[in-house]
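Structure first, commentary second.
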Amino acid sequence: MAIETVTSTEAFKTLVEEIKASEGYREPVAFGIARVDRGQKNADKVLQANYAIVNWKENYGSAAIFIKALQESRVEVDFSGSEFVATIGDEFVKNAMNAFTPYLAEAVGEAHKNVQVIKTLAAMEDIGRNFRITFLFEDAAPRSVEAVYLKLYALSLGKAPLRGVNLNGAFGVLSNVAWVGNKPYELEYLRENEIEMKLNGTFPNIDSVDKFPRYLQHIIPADNTRILDTSKVRMGAQLAPGTTVMPGASYINFNAGTLGPVMVEGRISSSAVVGSGSDVGGGASILGVLSGTDGNPISIGENTLLGANSVTGVPLGDGCIVDAGIAVLAGTKIRIDEDQLEKIKAANPEADLEDKTVFKGAELQGLNGIHYRIDSLSGEMVARRSTREVKLNEELH
Amino acid sequence: MAIETVTSTEAFKTLVEEIKASEGYREPVAFGIARVDRGQKNADKVLQANYAIVNWKENYGSAAIFIKALQESRVEVDFSGSEFVATIGDEFVKNAMNAFTPYLAEAVGEAHKNVQVIKTLAAMEDIGRNFRITFLFEDAAPRSVEAVYLKLYALSLGKAPLRGVNLNGAFGVLSNVAWVGNKPYELEYLRENEIEMKLNGTFPNIDSVDKFPRYLQHIIPADNTRILDTSKVRMGAQLAPGTTVMPGASYINFNAGTLGPVMVEGRISSSAVVGSGSDVGGGASILGVLSGTDGNPISIGENTLLGANSVTGVPLGDGCIVDAGIAVLAGTKIRIDEDQLEKIKAANPEADLEDKTVFKGAELQGLNGIHYRIDSLSGEMVARRSTREVKLNEELH
Amino acid sequence: MAIETVTSTEAFKTLVEEIKASEGYREPVAFGIARVDRGQKNADKVLQANYAIVNWKENYGSAAIFIKALQESRVEVDFSGSEFVATIGDEFVKNAMNAFTPYLAEAVGEAHKNVQVIKTLAAMEDIGRNFRITFLFEDAAPRSVEAVYLKLYALSLGKAPLRGVNLNGAFGVLSNVAWVGNKPYELEYLRENEIEMKLNGTFPNIDSVDKFPRYLQHIIPADNTRILDTSKVRMGAQLAPGTTVMPGASYINFNAGTLGPVMVEGRISSSAVVGSGSDVGGGASILGVLSGTDGNPISIGENTLLGANSVTGVPLGDGCIVDAGIAVLAGTKIRIDEDQLEKIKAANPEADLEDKTVFKGAELQGLNGIHYRIDSLSGEMVARRSTREVKLNEELH
């Protein structure tokens, strides 16, 4: 069996509708074709998936064609689970090429990227067994390396929002490997060959040992984004255009990142999100759900400044300032003078702040326009209305 | 036309004088020949300039020869602007070789480096169009990538003092590129070829995405200088011999650096300068003109210790100590006891310190021998005379 | 002369006993065969030693065979010093192969690694002059590059305990070199070839300039160990299985490391040791003997938490907490309320704590279950009994 050459866009659309209407068919929420890196010792173990294109709640027609092309290549597609992954071969490529025929000529540049993938595969003599296709039928906990990577791509490409993807158990799915350039090596393989490699001078130059690769191994950032050291951004991080990541003490973990231009010289831990125009100062730490926030993921608003070596363990609103070297945690006691409290209330009309003079950090979380500082003569932590403008949401007030 | 073979050093000197006396001739303050990396998509765009030798207020004879060699190769040299850049070809090389003939034999090792450059180019079969010569006729805002790099080299080679070069607008001149080893790639080129590279397994291993390269991509440090991670020092930084840059939280930006042996485990922001024998502790931050110093560039004196995770936002003199974890900013209020104030005055005879007990950080800026600390029982920031010796300038007193 | 083929394991053992009984024979405490990298300019200068296997107080039989194989290859082994290093040749390999004959077949995987080394060398056509054998007869100050590396391997492989090896003078023995991947280059060689390399586009991509290589250039970590950036761990560090080193502000120097699973996001300075289950928070600094501890090497106990951007300058016991941003140094004054002091005493029955309310950091060093924090309203540093469980040593009480 095979898909025959489709000769018009109308015929293509008809074919897609037929496939979608077939019994048991289920529309994937995400899919993509990846070149995979396999274990040197255990070739059945996938160590990494390199997606040329990731489809996330889009391009359902191409998904239908890919599913049909698999089926016509005698691969039974299992729609019953949350995900399905299969090795593709030349027969799959031939089927997909036939189906995509009406689009082959125009599939260049930004147009028809899935078709470009098939064209590129068709141009290879034998695609071997290192190309895999992944379908996610729902956003459940990932069960395969290919599914984890598809989700990390979705985050890093900005196709899925931060904290918007189910990555439960991802650490258990991925193998811990030695990364040599873009290539992952099984540690056991290195151990077995250590004597020979050391004596022959071919022991590899390992960049890192981790379950995750780095962002720049897979993602091409926007023209105005800068990452001064690739080790500072893990795959699965999301960087809005205009973000700059300096090489000092900075780090952006997976499922963390920025929503607009942000200067990053500190740590954005997993699940933390920083708003547009904010500044994460040198050595500043935004705590993550696994490090001191009681599972409370931290959002930093827009136009907020985290001073050098400050530590932030509570969410902050827009236009805030945390002074250099200060730690604001959920339990930190903070004095607010009466006049400043009035100004803070004015900047946060929707907040319901008690009339008192000492607040815990957690009570102030998410508020706009607060300047956290320490009185250097008394050692007292105080909060004031910051000098930074806060744009109030006019619709609310 | 061509420069004919010069047969003696006297004839060479005569030729140089003739060139300098020619109408419209202008002596360049800096010049050099670079191998340039061009855009993969747009070959007219220069992405990087690799100078074998940089001449900064020196070697005016070689400059004259290079200008003449250009003119004799039918390149019109425009002396009217602040800089002039041109592609050189084999004809230029031939002319320069002819002029340098008396020096060819002795141009080895440290001698006659410009002649060595020409000899090396002459030994190539065809130099193509990737070699460019740059002349700066004044230290104005750079207008070309080649001029920016010439200035960054001057800083990093110690030929120009820190803060002594006009780099206004340099960020606008340079392209943001992906660095793969020493080679810059246009991001748009990567985007256009992403599908093919991902599927063929040839997607490059990107080290950084930035407008600037790293110091070690261009500069060979002194024998006793150590840089434990290349990402930690940007091109344009200046490291005096004996400086050590550790890999933890350190970073030295362009137009920043050290004036003698310094242990660097923290951040030296753009425009900050650290004196000989000082120690920038682990995670210590010296703020830059763009990050909290109100445009006041920070100098740290000699034999001064910035404790781990301290933050310094004001200039410091010699023999100071900032305790671990402390932030000293322009507005920080600091108590000084009467007896300590006397000792601080003795260490700073030229300073005009008021007789009072509370000072702002800005009032103490640049003073020698101050120890900044926090009283851990009262939380009060205090300054005392440090235990470090301060060498007074005998000529002044 | 030559070692003749040994035909049985009994004959092997007899040969070993004969060698050990020979006059002047001295058992080495450590030995190994390394492939060395030599200077590009000065081939007599060894820049790096790559050991396939390191023997540390073990495998004395193989040591005897290697010594005999050297002697039979006309190398006079000098037993009089603390170490002996010699270049090995094909004759040495032949002798050792003959002696190891009874073990050749079974020398695979984890068995008989020294025999595997010889087999691998025997399979090369000509081993040239880049293989060196090192014997340490005592743990004295190292005198050769090969001895320094042997000791760094012993530490990093966990064969010698942290602080358990004499590395006095190691910095003077090693050369400062440019590391390009795993290969060291003399800086002077780069300088001499800079013009040619820059113009030919062959200037190397330097990763670091240091006397030490990185841990991952020589060591394959345990399967559950993660090092997200190779620059963060220096050769000579020791990482217990399960340790994770994040890429933000972390760093682990040589002769420093972890004794069990530890999350490392901060700095573990030379000579510092962190116990199992502890957490070195983002940007946290553990001071080293050269940076503020008065030569007092710092041990951190088990299950202890160093908060983000904290600084620890005194040893800590088990179950301690240092709050984010706090510096605990030997001279820091710390208040302890009476009820908390009783609880701290209960957790430290062997300690002899005075009945008072203000302690210096040094007085509390090594105690278990202490929570160091700052009262954010008074600025006062206080210590309390932490909420973390401390396991008392039942045998002692």
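Every chain is named by a letter (A, B and C) in the order it is written, and numbering of its residues begins at 1.
The rule is simple: a contact is a pair of C-beta atoms (placed from the backbone, for glycine too) under 8 Å apart; a residue touches a chain by one contact, two chains touch by 3 or more.
From a predicted model like this one, the values you see are computed outputs, not experimental measurements.
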Chain-level touch network, classified as line, ring, star, complete or other: complete
Degree value of the rotation bringing chain A onto chain B, based on Cα positions, nearest 5: 120
Same or different contact residues where chain C meets its copy chain A, judged by the half mark: different
Whole-Å separation of chain centres (CA-atom averages), chain A against chain C: 36
Overlap residues in chain A, where contacts from two or more other chains coincide: 231, 248-249, 283, 309, 325-326, 374, 378-380
Residues of chain B defined as touching chain C within the complex: 35, 50-53, 109, 113, 116-117, 120-121, 124, 131, 181-182, 216-218, 220-231, 246-249, 265, 279, 281-283, 307-309, 323-326, 374-380
Touching residues on chain A, where the partner in the complex is chain C: 176, 178, 187-188, 190-192, 194-196, 198-201, 203-211, 231-232, 234, 248-251, 267, 269, 283, 285, 287, 291-292, 309-311, 313, 325-327, 329, 332-335, 358, 374, 378-381
